[in-house]
Amino acid sequence: MRSVDTLIELFTKFPGIGPRQAKRFVYFLLGKNGTFTKELITALSSLSKQMRVCPSCYRFFYRENTESSECNICLDTHREKSYLLVVGGNIDLENIEKSGYWHGYYFVLGGNIPILEKNPEQRVRLRELKAKVEKEGKTGTLKEIVLALSTTPDGEHTASYVKGALEPIAAQYGIKISMLGRGLSTGAEIEYSDNETIKNALQNRH
Amino acid sequence: MRSVDTLIELFTKFPGIGPRQAKRFVYFLLGKNGTFTKELITALSSLSKQMRVCPSCYRFFYRENTESSECNICLDTHREKSYLLVVGGNIDLENIEKSGYWHGYYFVLGGNIPILEKNPEQRVRLRELKAKVEKEGKTGTLKEIVLALSTTPDGEHTASYVKGALEPIAAQYGIKISMLGRGLSTGAEIEYSDNETIKNALQNRH
Amino acid sequence: MRSVDTLIELFTKFPGIGPRQAKRFVYFLLGKNGTFTKELITALSSLSKQMRVCPSCYRFFYRENTESSECNICLDTHREKSYLLVVGGNIDLENIEKSGYWHGYYFVLGGNIPILEKNPEQRVRLRELKAKVEKEGKTGTLKEIVLALSTTPDGEHTASYVKGALEPIAAQYGIKISMLGRGLSTGAEIEYSDNETIKNALQNRH
Amino acid sequence: MRSVDTLIELFTKFPGIGPRQAKRFVYFLLGKNGTFTKELITALSSLSKQMRVCPSCYRFFYRENTESSECNICLDTHREKSYLLVVGGNIDLENIEKSGYWHGYYFVLGGNIPILEKNPEQRVRLRELKAKVEKEGKTGTLKEIVLALSTTPDGEHTASYVKGALEPIAAQYGIKISMLGRGLSTGAEIEYSDNETIKNALQNRH
């Protein structure tokens, strides 16, 4: 197969990229001088060497500390050990971390469980999460697990499934499982808010 | 001025209608038989006769009870007298009422206070609201005022201004002023949530 | 039925207006003082009195010349009698007239013929158009009929149907039937142009 | 600089890609197994080796015929030698070629000349185009140059500039310079057509 067709095929797998834009990418690269593509190849080659998955929270991180296999967040002892925030993906984690309002640790599920999924455990790192909770539960460190998932149908299904799966262990070790607060997000208009949001906004009034 | 031009000009003042659509409205009316326009005129003529503003909550309502000047919500004695929800407009009130989660009374401000407005009291019924709170405060009926405004910049400015204006009276009569709960609204994605929403979603976790 | 509900129902029939916007219209009118609604009623009442359908071209026009039943365009003797432009609706006619590039006369079909329509003649003024062509054909005035219809599927179907219906009369009186030129419209990009447009743009190159 | 930041920076230069999507690309690649990135690197590496610029029409093509430096279109002797179509970019050429309505040869300008550009000749291959026209003019082969540029402001400016630059040579060798036909493109609506399009549609009626 010609490299140009292979490239179009590969770019089409990128998130949000259709065949037309994939083709534009290829012509863009052809139009650039060789240096650009070389830089791209170099960066792609070192990506997997420089980045690794943290064995504790499963986020991708830059491997700078050669002595430890864990990421800088998991190694940060100033964080609150009793709190674990479960997110769907790396970008969710980054967005919450950037806000500066979370001081506990994280766990990256690695995806969502679609509503009709027959093998939910293949979609997310539930086994790893249960093992982590079990381990930290035993030592009495963990007090609360916050499920920080999107309030989309898939996100809500995932939250409900994960909550159900964790409840026995959580109950055993006295760990609270909580969900993110519902209500009006920034920019919400009363006129267009759905009943669920109105209910939560009224209940959580302050 | 020709009626066709007057009509285009009037329709252009309707919310969300530009000159092109205003013109389409006129041709639409011309294309319809006379009955349609006659029905429209009849309905417009009786609108102001049939509808009136409630002197208690300032919402528009259908004048069916000829003995009372107040609207059916204000006359409903099964509602919780201690709670007053302040909304921007009639459609906001309708949306909250439709949700079925509010059992107290309402007050329609009649608009928002834009951030740079020099005469805020001309934009909303603040004098009327203060009078109502004063009156119900004296009798000891009112316990909480909920400011149910949109979380847009203008809505937040209005909430903050109204809160400041009500605080002295509220303090005098021991009335709580609360805001709607902030957090993730339905369909919100963690990846795209702003810091303010994340902060509230974390604080209001449950 | 309450006037407010009747109004919402009537506004929902306006082109491009859904129930939510119809309701906003009603609250907008309620929020306006009585003068606005009165002006609207006055303009609506005089609309049908002031406007009439030209019995020659079937466009709506302002009835200022009380001596003639025809519109000012049809009465304008400086126009080229040999050319008749057939359009779908009044707004199409206005847009072409505003361009200043058409110096002949017009005929308003009053709609499009949807592709699966069983009674095409009920959708457009085909009988009236044939009568007009017949009449002007007999006197030898008419030399060309330009079908100025949109190049949407329905527009193309209408053009093709009307062309077929006119051909026998046109042939009898030696009248040419033409279609608007196809090619690149303003702002068209070569990259996104469909095959039909490319074909026409190549054929009509100049 | 870390490869992840370099990659985000490089992806942000891709057409239509902002920083947020660039970051999603990186996490997408991290989430894929190593095979995907390896395939991407392989395809990128061979792209510049397998593709080359045709020295005659300046399009990118797959270098399969090792004996000739020209592309398959330029080598195709069944094409009409007298016709040269000048396009802005490779994707424009592909779209026209795919339509099957052009049987002459091509020349890729390699871009547009923005309206306020001070050095127009640095933006497009005008020197190369003039040399080609000069050469083919001398032999008497070339009869018509079709400027197939978008009808956007930049495209029209480019067409006008290139036409002016070619006119002396074209006049010398009796070569016609033509523009693509203007008119209604597929799906155009009369109501929304601008004056220029209406003028052309009327002039090019058929």
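The letters A, B, C and D name the chains in turn, as written, and every chain counts its residues from 1.
FYI, contacts are C-beta pairs under 8 Å (C-beta built on N, C-alpha and C of every residue); 3 or more make two chains touch, one makes a residue touch a chain.
Small disclaimer: the values here were computed from a predicted structure and weren't measured.
A.B. asks: Could you work out how many touching-chain steps separate subunit A from subunit C at minimum?
C.D. replies: 2
A.B. asks: Using only Cα atoms, superpose subunit A on subunit D and state the rotation angle in degrees, rounded to the nearest 5.
C.D. replies: Subunit A sits rotated relative to subunit D by 180 degrees.
A.B. asks: Quick one: report the Å distance separating subunit C from subunit D, using the average Cα coordinate of each chain.
C.D. replies: Averaging C-alpha atoms per chain gives centres 39 Å apart.
A.B. asks: With chain centres defined as C-alpha means, what is the inter-centre distance between subunit B and subunit D in Å?
C.D. replies: Taking the average C-alpha coordinate of subunit B and of subunit D, the gap between them is 55 Å.
A.B. asks: Which residues belonging to subunit D are in contact with no fewer than two other chains?
C.D. replies: Residues 89, 91 of subunit D each touch two or more of the other chains.
A.B. asks: Quick check: in the complex, which residue numbers of subunit D touch subunit C?
C.D. replies: Interface residues on the subunit D side: 87-89, 91-92, 95-96, 98-102, 146, 148-152, 155, 178-206.
A.B. asks: Along subunit A, where are the residues that touch subunit D in the complex?
C.D. replies: Where subunit A meets subunit D, its residues are 2-4, 6-7, 10, 13-16, 21, 23-31, 34, 36-37, 39-51, 60, 62, 89-91, 110.
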